[in-house]
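Below, each structure is written out as structure tokens.
In what follows, chain A forms one complex with chain B and a second complex with chain C.
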Partner chain A sequence: MNRLASSFAAAALALAAGALAMLAFHADPIAAYGALLQGALGSVQGTAETFVQTTPLLLTGLGVAVAFRAGLFNIGAEGQLVVGALCSAVFGAWVHLPTLAEIPLCFAVGAAAGGLWAAIAGWLRARFGASEIITTIMLNYIAFLGANYLVSGPLRGSNAAPETAPISPSAVLHPLVSGTRLTAAFPLALIAAAALAWWLRRTVAGYELRAVGQSERAARYAGVNVGPAIVRAMALSGALAGLAGSTEVLGLLHRFNAQLSPGYGFTSIAVALLANSSPLGVIVSAFFFGLLQNGALFMQAYAGVPKDLVSVVEGLVILFSAAGMLRSARGRARVAVGPEGGVGTAPT
Partner chain B sequence: MNSALAIATTVAGIAILKSTPLIYAALGGVISENAGVVNIGLEGMMAGGAFAAVLASYYTHSLPAAVIAGAFVGGALALVLAYFAIALRANQIIVGMALNVFAVGAAALLLTVLFGQPGTSPEVRSFSSIASSSGPGIAATLHYALVWMALGLVLCAHVILYRTRVGLHLRAVGEQPRAAAVAGIDVMKIRYVATVLGGVLAGLGGAYLSVGEVDLYSDGMVAGRGFIALAAVIFGKWTPLGSFGACLFFGLFSSLQIALQRATVPAQLLEMLPYALTIVALAGFIGRSRPPASDGVPYEP
Partner chain C sequence: MRAADGPVVLAACGVSKRFGALVANEAVDFDVRAGEVHALIGENGAGKSTLMSLLYGLMHPDSGTIAVDGRAVRFSSCVDAMKAGIGMVFQHFLLVERFSVAQNVMLGREPGRRGMLDRRSSEKEVARLATGYGFALNPATPVEDLGVGARQQVELLKVLERNARVLILDEPTAALSPQEASALFDIVHRLRSEGRAVILIAHKLKEVLSVADRITVLRRGKVVGSVEPEQADEAQLGLMMVGRSIDLDKRVPRIGAPADVALRITSLDVPASSGAGLHGFSLQARAGEIVGIAGVEGNGQIELAEALYGLREPTAGAIALEGRDITSMSCANRRRLGVRYVPPDRQREGLVLDFSTEENALLGDQRRLRRGSVIPAKTMRRRADAIAREYALAGYSPSVKARDYSGGNQQRLIVGRELSEGAALLLVCAPTRGLDVGAAAVIRERLRAARDAGACILLVSYDLDELRALADRIIVLCGGVATGELTPENADDATLGMLMGGIAA
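Entry: the complex of A and B
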């Protein structure tokens, strides 16, 4: 309850600071936030688009949250998303199967690719004690540059633009509501959140993951094989991010290009923090950020407030969440973030 | 033969210019991490510094003011990190991430609010714009002043860290803060000063990017250099000279890219190298890279 209150306080404070910033440059905060809400939730199209923006944030947010629960800080969701999206797009363009086989396979390929990419960081942490914080940052850049290279060279479609060939028609996720971009990806992401919540709470593997997050040493004495548990946690985290990449490819772009994600994987860190790493909480916080991102365009168009204000609010949400966590010094989030603080290499 | 030499000198020259902003930011990271504060917000501090320098140059037309403004904003952002990380004992990684998002967003917001044009600032008086008005000689001298200053700061930092009492205290605070406190060292104060100093240096690196290399600020212009600097800190094993060498090495790759534009090696693969090497270094394949013992750990007196 206390943690819930501190999350709401962090979001409210950040929005209030955003309002103050608007007053500083003579904009009307009430009109601006009004336009944001009206745009994001005032119509069927607007609401559907908010859910569209929520979907990748929800999946990547779940990924970051599950890593937090294992005591790991996955900053690499963006890279895992890119790798998942690229592999999903290549597979979807290459294979022609009936829809009912092709779509699940494309998702599986995206999740596997994202999971493997993140597992590299998990393995380096488990085997050599290399901090996953640093390795996931580095793997992000390797993924961006690698994807850039592949789409401008070897994997470039027939198009002049640096992007892969379109996926086959049977791999396309069609809109659920006509006139919108909302696909089955959104309900799937909700199911993923519920499944993750159940898995963490009701299975042995989920329990072991949480035990490692609470205390590696205690988990080891309790008989948990810590190394593989860390690799599994990172793989699961990356698989969720990879899945987010797949949904963007199958549902929206139908191919891969470097502009696929406006930074969902980075925003997902804010999503997971605000949700205190609870899978069901992630649904709410992903919706909050999805609403902000979608509404920002309307705020810019109708109230003349630049959409970048939302990034400022986002930064402040992260900052205030970080400050809120310590008030409950033994709270989950505190334990959940990183090995005992060490960056570079984890204490053994 | 002569032309090969000329190419080599050009590549080396560009390498030094390309690595200068990295040297500033990495040195900032080395100083704060040796005192036990991880600065993952270097990217944001560079962006803040780059934007502030352009803003100051726009309003004052003075280059010294621009450089000072860059350093000041970098330091101010670091003060936020210091307050949250040291006084509130918040998670340093999260605060650093927050600063990255905040600084880049705030710069983009102010760009639109102040100049009415999203994405890019107007062109301002810069080290390169002086070149066209008063001849290349003076501009080169001024430009190189920033480069030489970076080299000087690296040497200063090396001497201070390893040859003076203050440096010993700083490293003690990063390794064993409790023992340092028992010995009468003010752990909080040293961590504050080191963190803010780190931000000042990152801000200088940002100023070099905006008013040194070009004459404007544009969204995304820092382009991951803060994270390359972070990589250089690790690759250089948390020492000023080591990270300086790492920056030069990484800068060499940026310049090779320019020299080898027509070559068969794709630019992106060369750009990947710093990141890949850092992973290799962390895993211990080329001599293990170990951080100060209490790096990133909040001190609770």
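Entry: the complex of A and C
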């Protein structure tokens, strides 16, 4: 089974299992999924909002995917998103420049902040061999709690609420379609996906990153400086998550507060897994998850199925995607058992 | 003692197996008797492993039958084959790294009571078995801490623990040093004297001739013939295998005199990773010369090669290439100066298995050949095409993954890449280990051509015949110290053996 088919199978199985769950609670899955689709794509506003939900999932999904390609499991996208959002909100409130300068600068600050945050985990991995799974989780807590402290204390705006001061008007990304929240962030995220796909395939840095991900040892023998390559990969991963944070600040909230992300950074792990870490695949899978999240409320309102069912489906996608990967890994081990062809895959 | 006349215990009668258009086995007759070692030889891709999979019940023949004790059987899986007393050790180890020796041996049949594992009794059982065969294995050691030779013993124990009557060993010596291989052959003899039947697949004809009672040659899926070792020699077997005569170990003297000193190593100390490390090693090697490094595996050879390649930092001493000090230069920069490396572990060090052929053809030169920050797509493709053409890479397409080539073709790809532009210093480790004669001949011919083109070559090999066939002089390492230097003419097994054991000749 090829990888594309396996991704579609994972999504379909997850939706089917979700339907079974609904049946078990005497709900009508067809009506529920129908309402979900109606809500997500049934109107201009709904469709635009699906793209709005897709944008941060797409950017963080790219971040997680690029780390995967380097053989790294970045669970810290949510923390990197928060750090990126906070820094670009503070920066956007602080400077007053012409729009054409301020918006790119705000994005750059968000990306740099997220990238640096993730690079800490990359450095710990490269220098001490510390598992990036553990360190990114710990950095998440530091980011959440640190941001909470900052916005309720030192960085709180004039407002009584725990949030930063609003960004300057020249930093605001305005809607592309009036009456919706859809901004230029969405097309920018699409461009980022295409650029990342090209970068991974065609540049020397992308080639080395993939070599490190496939076989750290062979990469070392090919003269790649593995430590710095790992730090760079994590930094790029975090920069994409930080960029996602910036888009939320500049396009939607115009300030930072702790409710900025409903967990985009965590969902992005499912996004990247389902896409098999292919940047172009991430576009499709981010859209799939954006659609689920956006349609969920409509489904709850019109079909009476709690919107949390969508979280269940997301979890199942991770489960089935991982199962698909195990299957192909097992298949490979079996080839090694069988004659020739497969060579030297010790079962892990 | 030879020419066993025990009963035939396992036989393939006229079996054929196709993979799509490819005929992997065609009307093959093959059998093995109790108390006999039957060797099966043939080039990579000749269909040896396929035949073994048919005998072991991993696949079914398209036509023909498999018979156990003279009765036709149809195994539905290898579980049936095991029940019939057949055991197989695969070409690549199938061990759980984190598990102990005992856990690996008993996997699936762990003794226990009421769902609780009885570790003590399984370790005792494995220890008994291991001591019986003279294996120095501690049943409690995790497999990840074992070397290849010991892993091979664990694989054998897995089969012996089930008390198999027929043992199929698919290229068991491919990854072993000559010492480990000869220890393995002692075990094979022991198994034969216990009345077991052994099918042995191997590439080194000398080994095969000394250990087997009967030798069958397979070429392109067909049996070319069976011979008894008394009536055969290496040349004849080589001819049967590839259809033309190859004298693998013939010396071909270099053309012209060697040039100036290219590599100058002065009292180099390199810390060990697992072996001996290197101590006070000095050497001057000329361009257009192959310097062989002999020694038992783990006596400083890898430390030497990796220090020269820039992957290991020496603690003392200096390395100069063409008059330039490179002692603390990075690996990438040394590659720019023309330092090339054919590492000993082709799958884990020489290739990124999941990269395509063309991506692998660029590996190591991605920075030197880049165009701006972009991969040189055309160069990459041209290089892959050229390697495929010059080295007759079977099944080549630029997008085929390295994983999907046989070992011989993987090695051709690596050697082709490392030699694709004239090398100044070529470091080569065990370049033909586990390769069939055809592939080995291609690689040796290319190394000689590189030498004649003016490369300075350092050849680390555990195969004494290879050293004698290729090297212009041979330096022996023992315990990380050079214990002697010989010309290939003077390097007989006895002298080499003494130097390798640290006894002055």
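Everything that follows uses one rule, which is that the second predicted complex is superposed on the first by the 328 of 348 C-alpha atoms of A that agree within 3 Å, B and C clash if a C-alpha of one lies under 4 Å from a C-alpha of the other, contacts with A are read in each partner's own complex, and residues count from 1 in each chain.
In this section, contacts are C-beta pairs under 8 Å (C-beta built on N, C-alpha and C of every residue); 3 or more make two chains touch, one makes a residue touch a chain.
All values derive from a computational prediction rather than experimental measurement.
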(Q) Quick one: is A:G242 in contact with chain B, with chain C, with both, or with neither? Answer first, second, both or neither. (A) neither
Q: Would you sort A:T203 into first (chain B), second (chain C), both or neither based on which partner it touches?
A: second
Q) Of the partners chain B and chain C, which touch A:I269 in the superposed model: first, second, both, neither? A) first
Q.
Is A:N148 touching anything from chain B or chain C once the two structures are fitted on A? First, second, both or neither.
A. first
(Q) Looking only at contacts as defined up top, I'd like to know whether chain B or chain C touches more of chain A. (A) B
Q: Based on the superposed arrangement, let me know which partner A:I318 touches: chain B (first), chain C (second), both, or neither?
A: first
Q) Does the superposition put A:P162 against chain B (first), chain C (second), both, or neither? A) neither
Q) Just chain B (first), just chain C (second), both, or neither: which does A:T135 touch? A) first
Q: Scan A:P279 for contacts with chain B and chain C and give back first, second, both or neither.
A: neither
Q. Intersection of chain A residues contacting chain B with those contacting chain C?
A. 337-338, 340-345
Q: Note which residues of chain A are touching chain C in the complex, please.
A: 202-205, 207-208, 210-211, 214-215, 217-225, 336-348
Q: Note which residues of chain B are touching chain A in the complex, please.
A: 33, 38, 40, 80, 84, 88-95, 97-106, 108-109, 112-113, 118, 224, 227, 230-231, 234, 238, 266, 268-269, 271-272, 275-276, 278-279, 282-284, 288-291, 294-298
Q.
Looking at the complex, which residues from chain C come into contact with chain A?
A. 24, 44-45, 47-50, 52-53, 58-59, 90, 92-97, 309-311, 330-332, 335, 341, 343, 347-355, 359, 362-364, 366-367, 370, 373-375, 377, 403-407, 410
Q) Tell me, which parts of chain A touch chain B in their complex? A) 21, 25, 73, 75, 124, 127-128, 130-131, 133-135, 137-139, 141-142, 145-146, 148-149, 152-153, 266, 269-270, 273, 306, 308-312, 314-316, 318-319, 321-323, 325-326, 334, 337-338, 340-345
